[in-house]
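Okay, handing you the structure first.
When the chains are written out, they are named A, B, C and D in that same order, and each has its own residue count from 1.
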Amino acid sequence: MNKSIRIALASGLAAAAVVGCASMEPKPSDAETSAKALQVMKASFKEHGQAKLDRLNQDETQALCSQYAGKELPRSVAEKIEKSNLATIKYPADGKYVGDWKSGEKIAQLGQGGQYSDDPKKPSGANCYACHELSKAEISYGTIGPSLWHFGKLRGYTDEMRRYAWGKVWNSEAFNACTNMPRFGHNGILTEQQVRDVVALLMDPASPVNQ
Amino acid sequence: MRQRIRAAVAVAGFACAVPLALAQGSATEEIEKYRQALQDGNPADLWEMRGEGLWRTPAGPKKATLEQCDLGKGPGVVKGAYAELPRYFADAGRVMDLETRLVWCRVTLQGLSEADAKKNPYGSSNRKSDNEALVAYVTSQSRGIPMNVRLDNPQMKEAFALGEKIFYFRGGPHDFACATCHGEDGKRIRLQDLPNLTAKAGAQKGYSTWPAYRVSQGELRTFQWRLNDCFRQQRFPELEFASPASIALTTFLAYNANGAPFDAPAIKR
Amino acid sequence: MDAGRRDVLKAGGGTALLTLLAAAGWLKPGEAQAAWNAAAFETHSLDATVKALGGGSAAASKDIAFVSTPDIAENGAVVPIGISSSIPKTESIAILVEKNPNMLAAVFDIPPGTEPAVTTRIKMGQSSNVYALVKADGKFHVASKEIKVTLGGCGG
Amino acid sequence: MADPMKIRANLAGDTTEVKVLMSHEMETGQRKDAQGKVIPAWFIQNVTATWNGKTVLSAEWGPAIAKNPFLSFRFKGGARGDKVQVNWVDNRGDKRSDEATIA
């Protein structure tokens, strides 16, 4: 605790010292500001429970999406992100994409998992309702993502759609670079069985999503 | 008034009959009614009262009050001070937000150690936080005053630029950044509206209504807490209280809110 | 201190003792009379609550209104409830939550001269019917309203 | 000792409107702490409000009243400058008494 405060202070003072000369120097480049921001962040966060400081180490997708945030994403960068993420998707070995929609509904309702305040031994949720409308029964849904009501019914209960739904839940960046949606399978938020159950929520004709 | 009561009763009857058919439009309206009903009688008042007491009561090894604390408008000037924070403080040689400045004053005026002044920034049941009470008092003295944060020196300009980078920084197992939830107009998480902090109107609405009494916690929460808890939900490690990143991000958000009449302590879900 | 105070109350009870307690700053005038109906706060049905409050049964009434009470609570920890009675000789207003672990949340005694209307905030564990139970001229009357409690945002 | 209440009393016509905020945990006795131990119930049980020594409201509360309770009611009478006093007692025997001047 004491040590981290001291580091934070030192970096604050260092920042002040650097800035002190800034008026005489050219404006820092975007990359320099990014590098500095990361340095300041590393001095300002402390590990807590399961959330270690390595969570500030970005992978290529995160770095590119941060770099282009708030600006237009060049088509070439988007293709690069989608291609590299597509390669990571693990499709089920047995070809079974659809599990239990009732379990999927619970996963869609559950927001815990990955926060330093969460018990890492408990299963994570996908918190789909935080961002998506899914069924008409749940009025407390968010709008960061599109409505998924009638997901399977509108698109058809085909093998192709099941495979797409699996891939989208596993690694959303493969289909829409710099989407807001987490990469649930790729980043290990959900297990393979949980992904299967979430796909069932979207693709089982009996699921409330398709009513 | 009478008519509105009858209308409410009618809606209630309808909801009883077919609860699942409650239309989204009326859900939003009812949430608005809920928020309205809480406006009158904000428990934040209890924190303001306690904070004013703490401000005026001698404390710490030096047995001094905080009445000579310089929040940027001169020693002892509380009125309107929060509307101009964060700012660069020459005596400290760095940019500070209110909570960092309160630590500074408790160290320099009251003689507390830095560690003691930073202890317990966010209270809980049976462990009340002096920081939260002091923030409630100081911010209440800027109510109605337009936000006016100035990037009038290199330190403030740099804090703003770093804050912007931190706002867009994606990381952690969920790939979240502040911008994930607060980068577009008209979005909601569950039923909670998300202010777009990259646009003027959203930044104004978001920033000018903190600190706030959180009914879900029964506590008054400060802007440092707001940032800390957003990063928790982003699945980041823990943002340290009064850290350089927190000050930079606050500078970015407060500057974007300029012009908005400050309207807190507020009350939120 | 707490236990000691209760022992004293149990052992004594005479006026002289109460005066003594008052002088010691433990009791203020009037406090000794404060009663709390423990049985009523442990009931699990409307009928049981009415009985514990000294009545027989409650008749549905259209003369009891929920005022400034939303249909949906954004958070169950704080649910604003306003109840107003236009039944003549209203003596008390109680708030009951059907699905709370114990139904009764509060009873307000309304002396003459005070408007038969109160506003407060309650906790609700889940979506539930809320009853407004009014005692007027010795008889009990009731109105109800369903209030939905919604889930919170990220990480909730 | 408990923190003071915030009481507002305002005269409108012949009616005084009283609004009270109290500082109290209102612990239900149903919650568990991080170690799984039940947090004991701790809540205000009795509230009385008086004006010129006359009781204008009295209440019995259970733990389902929200934390940091709010209460509002109106009574006939009252004049600017009169005092309204509010008292509470909780299940531990803690108590608090505060007053406000009718404005």
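By definition in this document, a contact is a pair of C-beta atoms (placed from the backbone, for glycine too) under 8 Å apart; a residue touches a chain by one contact, two chains touch by 3 or more.
The shown structure was predicted, so the numbers you read here are calculated from the model rather than taken from an experiment.
*Asks:* Taking contact as defined at the start, I'd like the list of chains shared as neighbours by subunit A and subunit C.
*Replies:* Chains in contact with subunit A as well as subunit C: B.
*Asks:* Sort the chain pairs by how many C-beta pairs are in contact and tell me the top one.
*Replies:* Among the chain pairs, A-B has the highest number of C-beta contacts.
*Asks:* What's the distance between the Cα centroids of subunit C and subunit D, rounded to whole Å?
*Replies:* Each chain's C-alpha centroid was found; their separation is 13 Å.
*Asks:* Would you kindly tell me how far, in whole Å, the mean C-alpha position of subunit B lies from that of subunit A?
*Replies:* About 26 Å, centre to centre.
*Asks:* How many angstrom between the C-alpha centroids of subunit D and subunit B?
*Replies:* Whole-Å distance between the two chain centres: 28.
*Asks:* Report, in whole Å, the distance between the mean C-alpha point of subunit B and the mean C-alpha point of subunit C.
*Replies:* 34
*Asks:* Would you please write down the residue numbers of subunit A that are in contact with two or more other chains?
*Replies:* 115, 117, 129-130, 139-140, 142
*Asks:* Residues of subunit C that contact two or more other chains, please.
*Replies:* Expected reply: 77-78, 121, 148, 150-151, 153-156.
*Asks:* Return the residues of subunit B touching two or more other chains; collapse runs of consecutive numbers into ranges.
*Replies:* Those would be 22, 27, 181, 189-192, 215, 218, 232-233.
*Asks:* Touching subunit A in the complex: which residues of subunit B?
*Replies:* Residues 20, 22, 24, 27, 93-95, 114-115, 118, 154-155, 157-158, 161-162, 165-166, 168-177, 179-181, 183-184, 186-192, 194, 198, 231-233, 235-240, 243-248 of subunit B touch subunit A in their complex.
*Asks:* Hey, which residues of subunit B end up touching subunit D in the complex?
*Replies:* 40-43, 45-46, 49-50, 125-126, 213, 215, 218
*Asks:* Touching residues of subunit D toward subunit C in the complex: what are they?
*Replies:* On the subunit D side, the touching residues are 15, 26, 28, 30, 45-46, 48, 54-67, 69-77, 87, 89, 91-93, 95, 97.
*Asks:* Taking the complex as given, what residues does subunit D use to touch subunit B?
*Replies:* Touching subunit B from subunit D are residues 3-4, 6, 19, 21, 23, 25, 27, 66-68, 70, 72.
*Asks:* Can you tell me which positions in subunit A touch subunit B when the two form their complex?
*Replies:* Listed in rising order, the residues of subunit A that touch subunit B are 1-2, 4-5, 8, 11-13, 15-16, 18-20, 22-23, 28, 33-34, 36-38, 40-41, 43-48, 51-53, 55-58, 61-62, 65-66, 69-70, 114-117, 129-131, 136-137, 139-144, 173, 180, 182-183, 187-189.
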